[in-house]
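Down below are the structures I want you to see.
Here come two complexes built around chain A, the first alongside chain B, the second alongside chain C.
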Partner chain A sequence: MTAAAEAAHTSDGWARRFAGPIRLASRLLLSVGLTFLGLTCVTFFIGRVIPIDPVLAIVGDKASLETYNRVRIEIGLDQPIPVQYWRYLMKVLHGDFGISVITAHPVLEDLLRVFPATIELSIFSLIIGVILGIPLGVVAATHRGRWQDQVIRFVSLLGYSMPVFWLGLVGLLLFYAKLGWVEGPGRLDVAFDDIVPTVTGLITIDSLISGDDDVFWNAVSHLILPSSILGYLSLAYVARMTRSFMLGQLKQEYILATLAKGLSPFRVVWVHALGNVWVPLVTVIALTFGSLLEGAVLTETVFAWPGLGLYLKNSLFNADLSAVLGGTMVVGVCYIALNMLSDVIYPLVDPRARERR
Partner chain B sequence: MLNRFRFALMAAVAPLALTIPAAQAATPTQTLVMAMDFADLITFDPGESYEISGQEFGANIYDRLVRYEAEDLDKLVGGVAESWSIASDNKTYTFKLRPNLKFANGDPVTADDLAWSMQRVVLLDKTPAFLFTQLGWNKENVKSLITAPDPHTLTFKIVEDTAPSLVLNLMSTYAASAVDKKVAMSHEKDGDLGNAWLKTNSAASGAYNLISWKADEAVTLEANPGYRLASQHIKRVVIRHVPEPATQSLLLGKGDIDIARGLSPDQLASLGENKDIRIESFPGGDNYYLGLNTSEEHLKNPKVRQAMKMLVDYDGMVKTFLKDRFFVQQTFLPIGFLGAIPYNPWKFDVAKAKALLAEAGYANGFELELITPNASPWTDIAQSVQQTMGQGGIKLKLVQVEQKQMLQAMRARKFQMVQNSWAPDYKDPHSNADTFAHNDDDSDTPKIKPLAWRTHWLQPELTKETMAASREPDTAKRVKEYEDLQKKVTDDGPFILMFQDKYQVAMRSNVKGFKLGIFADFNYYRTVSK
Partner chain C sequence: MTDTTLIGWRGWLLDSAPASRRQARLGRWYRAWMAFRRNGLAMTGLAVVLALVLMALIAPLVTDPASANLQVLEDRLQPWSAQHWFGTDELGRDILVRVLFGARITLTIVALVSLIVVPIGLGIGLPAGYFGGWIDALLMRITDIFLSFPRLVLALAFAAALGPGIENAVIAISLTTWPPYARLARAETLTRRRAEFIEAAELQGASHLRILLTQIMPLCLPSVIIRLTLDMAGIILTAAGLGFLGLGAQPPAAEWGAMVSSGRQVLLDQWWVATIPGIAIFVTSLGFNLLGDGLRDVADSRSA
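For the complex of A and B:
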């Protein structure tokens, strides 16, 4: 091979090597961009047609007409809706999500404050849901039709159908008010407020960073009940899905083959069969996490948990459009990120996906 | 619907609760922890705040020119001002400030701070501006009309003829708070007179300092050691945002909060049996009424309106589902206001109402749409009214909406009948007269939108009487004029005035000295001890 041909071959190789990732990145950018555009568009127009006057939310019922009109112009409501949308979009592209009417803070600052509270709650809930949900699903599948299966299916059905609001209240009544096993609503006791400097916004992590054990345990004690309740709901979903995926696998001939080869049934179920359901399970777990991150409005209300759900609810009721749009975008970003994450995880759990790349 | 469902669920788990002994907690003795729903809070700036919770917190943070102090909520006394005098033309007011007053940061409170604080309410032109502009102040003249000839003297001139009692009552509102000019102006941005900064910070000389406001979470106040009155027993006040009443109830039962401010009647009833908890009730200042749009053909007829006033079971409601939360008050002034009279001429009387309807030509009744906020007690009242009106042949169709949505329908005058309440703006009869008995411009673009305008009740004569009463310098005569106005509106007006509210508060039994006033800004924390 001549030097020139070698060079051509190398550059061709580089191009080939990068074509995939570049195509992937551009496809990703396009999908992220389109998702954003769709999200802002739908939320914006819904916000404009709801029969609540955002100006009244700011000035109240008693302001004079001059004040009312001035504020209306100040927040740009005198412009046609497409113009309002265009202006909003331009601002967002410059990183300005606007000022929240109800908190008087920039929306971005608010989101950075409320979202960690929801993330912390969601992570704890997800851990509970996954650690318990998957084994329960597997056991239900291997004991199909027997009492273990019935019990597990009943428990999951209960988690599915019980109003989270009620579960929250009963949980509080029993474990907080009566038994005193856990701390009550809120993220921390009043006495522990503002002790630990905010780094991540996740109090458990922040208290570990600053080495304050008392705050850490107080935060955990506040977290355990709401996250158990949300975790129970996730568990119900994860267990049911695991069960049905597992049933699909257990029917396969390779199961029979491995058993015939003399492998222990335990290994067959927990390694071979479970190993094959990881791929769909990753999607289930990612979706569960996504729905947890949306902020559980009712749970956050019952537990006075200052997270995204409560923030979005309040903003909606006050027609605080900037805040609603900002919050919606955070949820959108989460879903996109989780989808990407599960795409990354697939090859780790599925060798076929690795080879395809 | 949700409330009833929630109640049923709570009832279902109640027996469970009784079987297990409760664990106890307690808040620190010098800290007061209160739970309420303060989702309405949007700012602490006295030049901007007009929300109920903001007014309450602000009253504990800022001192103001004159005020109704916790010790006697019926008597107007000096706040920052020690004494005042009014010139014989009733137009020039001079206030002598108390000596040696200091802001929380140590700056002296001067007349210049006060003049600037009051001017900025007009200059900022936010919601509270109307309180002062009714005196004839505007952006052009306010700087020359409110002056500080020396650090201890504040003088202002008013343009419009106004009763001195009304002027002083306006000077007792949150808008007349003393803001530290130096601090506020050091944070000024784009000529906002410190508004953006003061939304979330305080520069005040009141009983408490604002330490933090975390939206949807908590507001924390700390005692100001330099406050002019006796020192506060409670050094730290934490107000937690707990929107769910059932959660408030659990927190109170457990002792993690000292006071719960948003409990429902059934929760109060069950907590009442707990000996560690005390429930107290305070008269509020809100009037609950049904508004009738007189642009509707049948509602134009005074006889129809009178008949409808006889088709509401006022006593029946306050004796049953509104027990301890409301009392019958059929005039537009809440009891406790200057000139308010307990004038309740309307009684539930189907026969008389039917006779009046027949006289008016509606012997077979008619149909109406009643827009009502979709929460208790509104929905309960609406159902009772629907039932009693039905007995007289008036068929009501209930439309339940979010309160803000209802407000919008009212302001656009797009309703037939509506249920709402009115909270006065300041402790003067003019505050309510100016809305229930003021409409001399029924066009679609009036300067203001008083309730009389929203109901299309054009009353040029009554408006003149309302304005005359607001100017009357002789207080005894003024009282008489408001009595007349109240009777006229109650008898003929398009408002079925029903109730005045009461606030019910549940607190731990060791909490002493907590009172709620007729206004949110009469709620003082400095008198509380544990």
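For the complex of A and C:
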């Protein structure tokens, strides 16, 4: 038992009130730190097993042995592996992922430039997934076993089974090439490029800030297809989890009690039961967001969306290792952060989760 | 076979007082099968999966294996016809034949991943749950670290580091798939750790290894298998995604994801080249999802 636990036993109200959260936070920080160390170990390991010689990548294959050896010592490859790892870790902690071979910019700079595009796509997808997924899940739970439930179940299984890159191609073929309902690949038409000043990096928001309606609608039209496709995939997961959480609530006695008091079934389901389901749903939504960041790699390739996924993919094919590892690290850190966020929110909102620990 | 023998068999299987252990086990399976059979969607899934296995098995029998890569350039990009049911691709190869052979690659990947993931998961989860203490803490911390990695991105980084190819795609997918199995095996072990039959085995002098392998592992397998069936679709999609990005099976191998990718160039005019392998991926993963869903319902009636 730590000092925090002892403090909880004193009569000091302040200590008693915060001991739990502090203990929780320190445990959380420890696990996040360990996960982060694990992530850096893996990226470091990948950096070492890769068959490309990092020295050759810098000096080229025509360099003399002398130059080769000098560069090898300069980038620290003569050091023992733990030392190399330590240096790598320190660099990563300072945000130094090296220089990208393709763009000749620091990797971090590149990542910051492309990340907003991915965030914009993921947020739109998440909104679509949550707005449709939660009501579908609730309806599936209230109509359990009936045709509505079966249909929703099948629709979400379809979502689980779709290869996202293929769905993107078919979507482009149908809605862009054949029907012309939406704009094609990319974030904006060429004519609209560089019109609105970059503030947040999210084109929809930037164009609203500068009041340029044409750019806004063009951006939305480019955004709607990829985000609907990613949104469908997250819808599947959200609907499914909502259904199972709601089933847990609808079994409870308070539902019967509120119904007996004469509340309308609509209110009981959508206000009382759904209200109690919000907390675990936050976890689900955070995890969905993480998987959207991942799904972006394939979707962005299909839609030529200049975000993190496309950047990763292009770096991969140009053997730009620093860029690949930097991108992996950024997605990994987002993932860990989202996991942590859901772990933190859970006990804060739901006292039962606090006591169970 | 007459009706009476059928009833006899059913009667034997459904006997409420089985005379042998084998009869009890078969009877339990038969009851599960009857519950499973009532689930229409799950049966559809089973049919799809069986059809896929059948396709993969008979592919080299009905067509010459070389024909999957046979290039007939004058027949390139043909729409469907009596000769080429699904048309031909940009090198004049028959798409139907390539989809059939693609089933072999997909099933190979799935089988290899399962063979790697289940032993790793059990190897980490069983001791963690059985011994507890610091072993548990250490093993589960490692599992948690791997669990919080983004799967596709990590698989990408691994595939990029190890070089493209099926073997490396399998390694990459396995490395990111095993953690849930370790957790599952640990949870299953924990619920049985204090059971009396374990104590009995201990008193008879069985070693820890023997108890783990003969007493606990068999009880973990059903839930592991159900989880595996549910994961199959994800494994297939990740493999196809790696193939689509050019990190899975290399040309000219007939891998579905790579086929979609090569069909992209002619998407607007010859849409079937990219669409048909995509449908194959979709139907296969849907089949596994339906099957896994049904199996879970049979095993755990609460979630239905």
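Note that the second predicted complex is superposed on the first by the 255 of 357 C-alpha atoms of A that agree within 3 Å, B and C clash if a C-alpha of one lies under 4 Å from a C-alpha of the other, contacts with A are read in each partner's own complex, and residues count from 1 in each chain.
We take it that contacts are C-beta pairs under 8 Å (C-beta built on N, C-alpha and C of every residue); 3 or more make two chains touch, one makes a residue touch a chain.
It should be emphasised that the depicted structure is a prediction, and the values quoted were computed from it without experimental measurement.
*Asks:* Is A:Leu172 in contact with chain B, with chain C, with both, or with neither (first, second, both, neither)?
*Replies:* In the superposed model, A:Leu172 contacts both chain B and chain C.
*Asks:* So, A:Gly180: does it touch chain B (first), chain C (second), both, or neither?
*Replies:* first
*Asks:* In the overlaid three-chain picture, which partner chain does A:Pro306 touch, first (chain B) or second (chain C), both, or neither?
*Replies:* Only chain B; A:Pro306 stays clear of chain C.
*Asks:* After superposition on the shared chain, which partner residues are touched by A:Thr283: those of chain B (first), chain C (second), both, or neither?
*Replies:* The answer is neither, since A:Thr283 touches no partner chain.
*Asks:* Determine, under the contact definition given at the top, whether A:Val101 touches first (chain B), second (chain C), both, or neither.
*Replies:* So A:Val101 only meets chain B here.
*Asks:* In the overlaid three-chain picture, which partner chain does A:Val42 touch, first (chain B) or second (chain C), both, or neither?
*Replies:* second
*Asks:* Report for A:Phe317: first if it touches chain B alone, second if chain C alone, otherwise both or neither.
*Replies:* A:Phe317 contacts both chain B and chain C.
*Asks:* Per the contact definition in the header, classify A:Asn69: touching chain B only (first), chain C only (second), both, or neither.
*Replies:* A:Asn69 contacts neither chain B nor chain C.
*Asks:* Counting contacts the way the document defines them, which residues of chain A are shared by the two interfaces, the one with chain B and the one with chain C?
*Replies:* In the superposed arrangement, which is not itself an observed complex, chain A uses residues 51, 163, 165-166, 169-170, 172-173, 177, 301, 317 for both chain B and chain C.
*Asks:* Which residues of chain C touch chain A in their complex?
*Replies:* On the chain C side, the touching residues are 41, 141-142, 144-146, 148-154, 156-158, 160-163, 233, 237, 240-241, 244-247, 257, 260-261, 264, 267-268, 271, 274-275, 278, 281-282, 285-286, 289-290, 293, 303-304.
*Asks:* Which part of chain A faces chain B closely enough to touch in the complex?
*Replies:* Going through chain A, the ones touching chain B are 51-53, 56-67, 70, 100-105, 110, 113-114, 163, 165-166, 169-170, 172-174, 176-180, 184-186, 189-191, 193-194, 301-304, 306, 310-311, 314, 317-319.
*Asks:* Looking at the complex, which residues from chain A come into contact with chain C?
*Replies:* The contact residues of chain A facing chain C are 31, 34-35, 38-39, 42-43, 46-47, 49-51, 145, 150, 153-154, 157-158, 160-167, 169-170, 172-173, 177, 244, 290, 293-295, 297-298, 301, 312-313, 316-317, 321, 324-325, 327-328, 331-332, 335-336, 339.
*Asks:* Within their complex, state which residues of chain B touch chain A.
*Replies:* 6, 9-10, 13, 16-17, 20-25, 27-28, 31, 33, 35, 39, 41-43, 50-51, 125-127, 129-130, 133, 196, 199-200, 212, 214-218, 220, 238, 240-244, 246-247, 250-251, 253-254, 256, 401-402, 404-405, 407-408, 411, 425, 445-449
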